[in-house]
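These notes open a run of structures that come right after.
Common to both upcoming complexes is chain A, partnered first by chain B, then by chain C.
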Partner chain A sequence: MAKLRAMNEAGNITWDLVDVEGADSIRLCDEGLAMEIDHDSMLAAAPDGTSASDDFGDSIVSDCFIPQIVFSTTVGYRLDMVGDTPPTSICSLFDLDAYPGKRALNKRPLANVEWALLCDGVPKDEIYDVLATSEGQDRALAKLDTIKDSVIWWSAAAETPQLLADGEIVMGSTYNGRLFSAIAEQNQPIGMLWDAQMLDFDGWIVPAGLPEDRLARVMDFLNFATDTQRLADQAAYISYGPARASSAPLVGNHAELGIPMAPHMPTDPANAQNVFVTQYEFWADYRDDIDAKFQAWLAK
Partner chain B sequence: MSETTQSGPMLSADGVPLKTSLARALRRQKIRALLLISPLLAFVLITFIIPIASMLFRSVGVLYLDMYRAVEAKAHTRLGSRLNYEQSGISSLFRTSGRKLEDVGEDFEDFFKDADSGMVKGPFWHGLMQGEGGEDLLNDRLGLLTDLTSLEASSDLGFTLSGETAALLPWAARAYADWALFTAIVDEDDVSKKKPWAGVYAALALDLADPATQSAVAAYSGSGAAELQAAVANIADMPATEFRAYFEDIDDKWVSGETWALLKVFGSQYTSGYFLNAVDMKLTPDGIEQRPDNERLYLKLFNRTLIMSMIITVSCILLGYPVAWLLANLPMRSANVLMILVLLPFWTSLLVRTSAWKVLLQQQGVINDIFVWLGFVADDARLVMMNNSTGTIIAMTHILLPFMILPLYSVMKTIPPSYLRAAKSLGATNWTAFWRVYFPQSVPGIGAGSILVFILAIGYYITPEIVGGTDGVFISNRIAYHISSSLNWGLAAALGTILLAVVMLLYWLYDRIVGIDNVKLGG
Partner chain C sequence: MASTTQEFRPPFATFTAPLSALLAALFGFVVGNAYGEPWIGFVMGGVLGAIIAFAIDKLPFGRTQSRLGTIVILGLAGLMTGSAGGVVSGVLIGAVLSWFIYWLDRGEYRKNVPLYYTAGQTLWHNAFMLICGLIFFFLIAPLLPVMWLSFNAQDFFTFTPEMLNFEAAGYSLKHYRNFLTTEEWMIPLKNSLIIAPIATVISVSLGTLAAIGLSQSHVPARRAIMAILISPMIVPLIISATGMFFFYAPLGNWIELNLGLSQTFVGYVKVILAHAVLGVPFVIITVTATLVGFDNSLTRAAANMGANPVTTFFRVQMPLILPGVISGGLFAFITSFDEVVVVLFVGSARQQTLPWQMFTGLREQISPTILAAATILVVISIMLLTTVELLRRRSERLRGMSPG
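Then we have the complex of A and B:
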């Protein structure tokens, strides 16, 4: 994002297409760094004729965003360190008695504060109202305080699978695709918890101000790469869900292992019994505030 | 000896006074020296100093407001993101309001469409607004637009504003001028063919709601008169032009004093807000105040960065001094081997060395495994040597050690061993000979090494990020976060400026106390 802004200011945009998370697409759109997209006219419709914007539905989180995949932040645990009772609830994170040992959590407040409030007894549909208040933020940090000494804070999502594989931690949060890869592809003794997973979208934005010939090429690629079949195909490589509703029935088997991928998708009904969908508007507003408090709390 | 040479100035061979001649020769030398370094100077200036200067200037931000035009230029969301650093919620207030502003305009557009469908087409507007005499107003609006976006004003807009219409419909003329400028310059479209923004209809409604304008329109006979009169005839059906109520509807924050007070505080061209943020203060409508305790972070980080950099510098001296001494005093052959051992890690990637420390230091890592195997620590009480300040100090001391050893070595190499022998032959003990004779001569090396290590350490980023956990991270990690992640470049620039100032201050202090002439990097 910083690079894109610098390129824009220098008037020399060398990127034609940028892969961003939903929250970043909102900010880039706000700053006028990303081009506004007319999803229906620029992207392919579903095979049954449903328009692109209906097919993508809620995953179009900003006017500039072309959704690609659904991923989630969730918790993985070491099978041989949790005894006979593997965790079934997100609140196991905060249960040092039942599951002693270190945990790995994101060095950013996102997901951590939601889980903290949920496990502190706040009803799920009130969490963001509570989190919008100063007291609510303090309450979330107070809950995290109970495990602070046992937490290793990660800044790259690859750290958690590595720490799990090394036996450094008993459980930790990361993206579901990373856990899938550690479990299914590398056969690590790791289990996965889908409870209270935090769903998020990843996709494309087109930088604003591209010359016409490059823009035409990019739109041609996007039209192809985000059609129903292509989005379903990429699920054969990693367990991130296609952002189109019409792609879901087409999800097949893993390209090398040959196992069906559908049960590993964050959006699979069995996995999606209790999910958070990232509240972009909320985080766009409160991110700086909560992050300032979170970092000050970390430094204490 | 002649009289002239005694009383007049001394002359050189060609008859020019010696003083002038000497000055000329010296000047020529200086120019030559300058020319010799000029390629490097130009390179440094262009690639380094100018970008830094522009970055530093960013810490004094610029703010603006004029909503609809701002929305089209996407300036309102930028302003929103900026103000959101000061008060949560402003960003979405601006974003959603921007969207709804359009809806308000569309209500008026529908009304005009019902009155006369020609009014929502480009040619009606172009006919109404095109003319002579409105240049001043047009230029004013152009000024406002170029304030918002960094675009070049082109001379050929394909449109001139009519002074008569501007007098008749002042609001609509302004709004239309905004739109026309935007369309011609930013979108590079033909003004005469396109239908204007919904906001222009709201402005026209505001004009027509005034009874004086209504009677003036009745007397008006220029282009578009019929349509305007049709609209006036239906004026009873027009939505109310209560813009305050619309804004209140959009969000009641618009009618709260707090929002406007905040805008006023940050309404000037320059703000000290970023610098205040960087020292845990904040600018509020009531003046400058300290941030609440649970949001204070930066002073603590500055403090920690300085203290840990000093600890790292001292441990580098303690570990590096004996090695440098060995290097300087061993026979050539073994000294070379030792030198390679020092240089090898120096040439290895920083990231590789830091990751190696990660493998060594973690709780299931090599060092802990050895300790458990030797029985120093119990298996369930393994030492925590990483993800805290200990990890940062250990890894950074190792990484920065060559920067201490090399200057120390080059200075020690020049100390003749005969001095130590002389001291001993005069009856000094080993310790006295070292402390009174050898050590003072090696001080310039310590000085040079300390400056190198300390200044490098203070700006370190990768190592603290990887092994630092929470209490081992430096201020540079926060700067990097604000540059690349939160996009609060103003705050990052302010933090960077303060860091630069602190380093300069320390350098000055060092010069006063130790003296920069006492620093030797070699020979």
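Then we have the complex of A and C:
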């Protein structure tokens, strides 16, 4: 994001298209660094004629965002370190008696604080109300405090699969595609939870101020790359769900392993029984407060 | 006097035995730690060490027999753990321990110090050697696991049980294959090999000229100019990088618009110039250092014999300061070849270099391909430095100067 800002100021934009997470697209859009998109006229409609904006639905989290995939932050665990009773609930993270050992968690509050409150007995539909209050934030941190001594904090999502493969940790959070890759492609002794997975979107933004010829080329690519069939095809390589509703029935087999990919999608009904969807508006309003508290707590 | 040192035998009961037992106890501590019982290992190691020291001191076996015996016994002890890794550790510990006991028992620790040294001076001499050894060890040891892990059959930075037992199934060359056959790595390698040599040539030419100019006593404000020229080495890289970005961006735009050159070409030019700037200080410093030993009457003598300044430079001055120019050039090359911050700012995706790819690789996907790349780079660097050093010695020998 910093580089995009610098390129914008220097008037030398070398990127035609940027892959960002939903939350970043909102900030880039607010700062005017990303171009606003008219989804219906610029992107392909679904095969049955549904307009692009209806097909993408809630995944269009800002006017500048062209959604590509749905991914989730979830928890993986070492099969050989959890005994005969592998965890089934997210609250196993906080259960040091049943699952002793180190855990790896994201060095940011997102997902961690929601899980902490859920496991502290807050009903799921009240979590964001509680989290909006200062006492609620303290309560989440107090819950995290119970496992703080056993947590390794990661800043890159690749760390958790590495730590799991090493047997350094008993469980840890990371993106679901990373866990799929470690389990199915690398045959590591790892299992994963879908309980209380935190869904998020990843997609494209087009930097504001591109010259005509480059813009035309980019829009041509986007129109192709985000149509129904292409989004479904992408799932053959990694277990991230297509952002279009119309792509879900078209998800096929893994390109090399040949196993059906649909059951590995975070949006598959069997996996999506208990999900959080990242609350962008909540986080836009409270990110600074909660981040500051979380970082101060980490440093303590 | 050699016979005196060989006959010298320190007291066994108060010197050799306790020290041997101590080293063996430390090994025992490490081995015991692997089984969760460090202190039991410590005691067992100590007893075993004392017994071996006793055997070496009192029994009438030759040196080779005793050392081989120790190695075999500890290797067999390692075999009882049931893994090839245990045997290797046992053999290594046996070799080190038996060498150490001989070293103490036969008084060899006094071999390299003058006879009049006191016990304290001898201790310091050997401690100093140990410290030097440890410095080399800590400099080089981190590279060894990197090289070992690059032959991992798995896609993680993990020593698998198969690897530790030296089974063929645990090893693979697939990360090297991945490095050598995918565009993901070959394009950055190609970019690095385009950018680094050109940037080096520019830094060496400009840096050498600047150093020669600045060594003339009549140049005004030479200290200030020198300080500015070597500032890229002192200013934090991230600051230089940001500054360069804002400097080269409009320049690049202007060149693209007015000279009609392609964005890719201009991108390379920007990165090469930025890297050349980073390399110049190293060339200036090394060349200035060699110029201190350069006798200026040689240039006057050349002028006296009718050579113009350019001829004098290439025929007289250049050959004499060449070692400084070459080592400056090596530094400039390594600076560019290793550089990741400036290229991230100034370059665009087309100019992705090897360090850039390694950086993203480490952040995005911790894959041992990075280790394979690192191993290849280390081997290339060693070969490069060795070649240059050999050439330098050869040229000095040819010119009748003593090496180093």
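Please note the rule applied: the second predicted complex is superposed on the first by the 300 of 300 C-alpha atoms of A that agree within 3 Å, B and C clash if a C-alpha of one lies under 4 Å from a C-alpha of the other, contacts with A are read in each partner's own complex, and residues count from 1 in each chain.
Simple rule for what comes next: contacts are C-beta pairs under 8 Å (C-beta built on N, C-alpha and C of every residue); 3 or more make two chains touch, one makes a residue touch a chain.
The model shown is predicted, which means the values in this text are computed figures rather than measured ones.
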item	value
Chain C versus chain B on the shared chain A, clash or fit after superposition	clash
Contacts of A:Ala98 with chain B and chain C, given as first, second, both or neither	neither
Touched partner set for A:Ala158, first chain B, second chain C, both or neither	second
Partner chain in contact with A:Trp297 - chain B first, chain C second, else both or neither	first
Partner chain(s) touched by A:Asn12 [first = chain B, second = chain C, both, neither]	second
Larger contact residue set on chain A - chain B or chain C	B
Touched partner set for A:Gln186, first chain B, second chain C, both or neither	second
First (chain B), second (chain C), both or neither touched by A:Asp166	both
First (chain B), second (chain C), both or neither touched by A:Met1	first
Footprint overlap on chain A, comparing chain B with chain C	166
Chain B to chain A touching residues, read off their complex	73-74, 77-78, 80-81, 84-85, 88-92, 95, 294-297, 300-301, 304, 362-364, 387, 465, 469-471, 473, 478, 483-489
Chain C contact footprint on chain A (complex, rising order)	3, 6-7, 9-12, 14-15, 156, 158-159, 161-162, 165-166, 186, 188
Chain A-touching residues of chain C, taken from the complex the two chains share	154-158, 242, 245-246, 249-250, 252-253, 263, 267, 344-345, 348-349, 362-366
Residues on chain A engaged by chain B in the complex (per definition of touch)	1-2, 5, 27, 29-32, 102, 107, 132, 138, 141, 152-153, 155, 166-168, 281, 284-289, 291-293, 295-299
